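Look for chain A in each of the two complexes below; its partner is chain B in the first and chain C in the second.
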Partner chain A sequence: MHSFGYRANALLTYALTILALMCTIASLSDNFNFPSPSAEIQVLNFNWFQKQPDGNDEVSFTMNITADLQSLFTWNTKQLFIFVAAEYETPQNSLNQVSLWDAIIPAKEHAKFWFQIANKYRFTDQGSNLRGKEFNLTLHWHVMPKTGKMLADKLVMSGFRLPEEYR
Partner chain B sequence: MGWIGDTVDSVKSIQIRQLLTQAVSLGMIVTSALIIWKALMCITGSESPVVVVLSGSMEPGFKRGDILFLHMSKDPIRTGEIVVFNVDGREIPIVHRVIKVHERQDTGEVDVLTKGDNNYGDDRLLYAQGQLWLQRHHIMGRAVGFLPYVGWVTIIMTEKPIIKYILIGALGLLVITSKD
Partner chain C sequence: MDWQGQKQAELWMQILLLVFSVGALATGYIIGSFRMMILIYAGGVVFTTLVTVPNWPFFNRHLLKWLDPSEAEKHPKPQKAVVSKDKKKSSKKRELDQNHPTVNGMEVPA
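Now for the complex of A and B:
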C-alpha cells in the first residue's frame, strides 16, 4: 500500500492536478480584465493603383496607425498579435477581408505606438471592383495567453474610399 | 532493493481471478480514455480536438511542443483566426493564421489564404500545386485554447519509440503488480 511506487504516483498526480488547476485559474482570471483599447488609422497616400495582368485590381497605400492597446495586457498575456485588414463588399463577394499589415507586440511597454507604413501584404481584389470602392479598415487583435483561452477583438474604422481612376 | 523482490513475489502470486480483475480494470482505463476522446470530438465538432504544434512557423506565439485545443463551429471563417487545415497530398495538418477571406455572395463559399506568423510569405507554396485558396472543407478546426509544453510527451514518444515501449511496459507492470 505505502510502497515507493504508490507514493511517487500519488505525488505526481497531486502535482499535475494543482498545475492544471492553476492554469485554469490563470486563464479564468482574464475575464476580470475589462480593456479599453483605442486606435486610429488614416490613409495618407495612394502609392499606386492598377489592374494586374490577371485581371485583379491591386492597390498600395500608406497609412498612419496610432493605437493604445496597453489595457489588453494581463499577467497571463504572452503577446499580442495585431493586424489591419481592409473589409469591403463586391457584387460577387458578400465579404472580402484582406490583411494589409501585422505586428507582434511582446510586452505592455510596446503596446502604445504610432506607425507610418505602406501595406505589407498585397491588397488584391478577386476581380476588378476596387475603383471608387468604399472600405473599412479594421484593427484586429489576438491576445495570445501564456496558458488557456485565446481572446480576439477588433476596432472598425469606416469611411475610406479608393480612387476613381487607376494611377 | 526490497521493492524489486516484492514485485517479483507479487507477479508469482497472481491467480486467475486476480488476473481477470486486472484485465478488466485495464480495459476500463483504455475504454474511458477512448470515451473521453470521442466525447471531445462530439463537443468540439472537430475530428482531432487537440493538436500538437510540430513546427516553429507560428513562433513566438506557438512553439514546438505546445498543445492547441480546436473547435469547429458553423461560424464563418474570418481573418486573424488560427486554423488547422489539411492540404491535399500532405499527411500532417498545418496550424496557421488566416490573412485573407473572400466570401461568395450567392453560395456563401469561402476562399481563404493563410500564413504562419513567423514565415516571410503566405502559404501558397505549401498548398497543392496550382492551388491559390483554401476552401471550407480543408479546414479541420480553429484554435481556441493553448497549453504550453505538454505536447513534448507525444513528440518524444513518436520520435523515440523506445521510450514509449519502456513507458508502456512499466505501466503494465505496475497494473499487474498492484494489489488492489
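Now for the complex of A and C:
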C-alpha cells in the first residue's frame, strides 16, 4: 500500500470481488420469490388442415392466449422469453413438440396480456398423424435474470383435439 | 504515506467498500431496482477511491524519525573481518602434507 498504483490496484480488486459477491446474493434472492403464473389458451377456429404434397400434415388455427406472468418478475429479472408449443404423441415418437408462437416480455408491465392470433410458426407433423389427434398446448417460459441462473418452467393445457377430416 | 497511514488506508478502503455494498444491496432489494444497487455501489467505489488512494496529508501524521547524519557517523557500522585468500590456501596445503606424506607429489603408503 506504499504507492498510488498499489492502493488503486488493491481497491479495484477488492471492489470487484465484492461486486461478484453482491451479484451472487442478488441471484440467490430469487429463491425467495414464489411465482404463481396463470395462463389460458383457447382454440377458436381451425383455419385450414391439409396434407402437404410431400405427405406431411399441416394445420393452422386461431388461438386466444391469456396470461398473467407478472409474478415471475423480480428485481433481478431482465426479461422473459415465452413460447407456446403443441405437444402430442405419435407411434414413432412419444413426445413431439412444435413451437407455434413466441414472444419476449421486456418488463413487468407487459407481463399481463391477451392475444388473439393464428399460429406464428407452421404446425407441421413429420408424417400424417394429425387427423383426430389429441394434443396439449404448453406455455413455456424462460426467465432471464440480470445475474445468475436462467430459470425455465411451463404450464400445460390439455384436452385439445384436431379435426377428423382435412379442410 | 507513512506506515500508519498505509495501514489506515487499507482498513478504511475495506470498511467503506463493505458498508457501501451492504447499503446498495439492501436499498436495491427493498425498492426492487438492480440499477439502483449498481449506481449506489459505483458511487461508493468512486468515493472510496478518492478517500484512500491519493496521498492525503492525514495519512502522513506518523513520520519516521531518522537519526541526524552527524549522529550516525559517531556509531560506525561494524566491519566484517576480511581473511586473505593466500593464507587460507597455504594452511590447507599444510594440513594435507601432515596427513598424507608425499614424494614428488605422489602419495607414499604409510
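Keep this in mind: the second predicted complex is superposed on the first by the 166 of 167 C-alpha atoms of A that agree within 3 Å, B and C clash if a C-alpha of one lies under 4 Å from a C-alpha of the other, contacts with A are read in each partner's own complex, and residues count from 1 in each chain.
We adopt the following convention: a residue touches a chain if its C-beta (ideal position, glycine included) is under 8 Å from a C-beta of that chain, and two chains touch if they have at least 3 such contacts.
Bear in mind that the values here come from a model prediction, so they are computed numbers and not experimental data.
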Simultaneous placement of chain C and chain B on chain A, clash or fit: fit
Touched partner set for A:Phe4, first chain B, second chain C, both or neither: both
Partner chain in contact with A:Arg161 - chain B first, chain C second, else both or neither: neither
Once both complexes are placed on the shared chain, angle at chain A toward chain B and chain C, C-alpha, multiple of 10 degrees: 30
Partner chain in contact with A:Lys149 - chain B first, chain C second, else both or neither: first
Contacts of A:Ala15 with chain B and chain C, given as first, second, both or neither: second
Which of chain B and chain C A:Tyr121 touches, first, second, both or neither: first
Which superposed partner A:Leu95 touches (first chain B, second chain C, both, neither): first
Partner, of chain C and chain B, that touches more residues belonging to chain A: B
Per-pair minimum CA distance [chain C against chain B, superposed on A] in Å: 13
Touching both chain B and chain C, residues of chain A: 1, 4, 146
Residues of chain B touching chain A in the complex: 3, 6, 60-61, 78-82, 97, 99-105, 108, 111, 117, 122, 143-148, 174, 179
Touching residues (chain side chain A, partner chain C) in the complex: 1-2, 4, 7-8, 10-11, 14-15, 18-19, 21-22, 25-26, 29, 74-76, 146
Residues of chain A defined as touching chain B within the complex: 1, 3-5, 9, 23, 27, 78-79, 81, 83, 85, 90-99, 102, 104, 106, 121, 126, 140, 142, 144-150, 152, 154
Chain A-touching residues of chain C, taken from the complex the two chains share: 1, 6-7, 9-10, 13-14, 17-18, 21, 24-25, 28-29, 32-34, 37, 41, 45, 48-49, 52-55
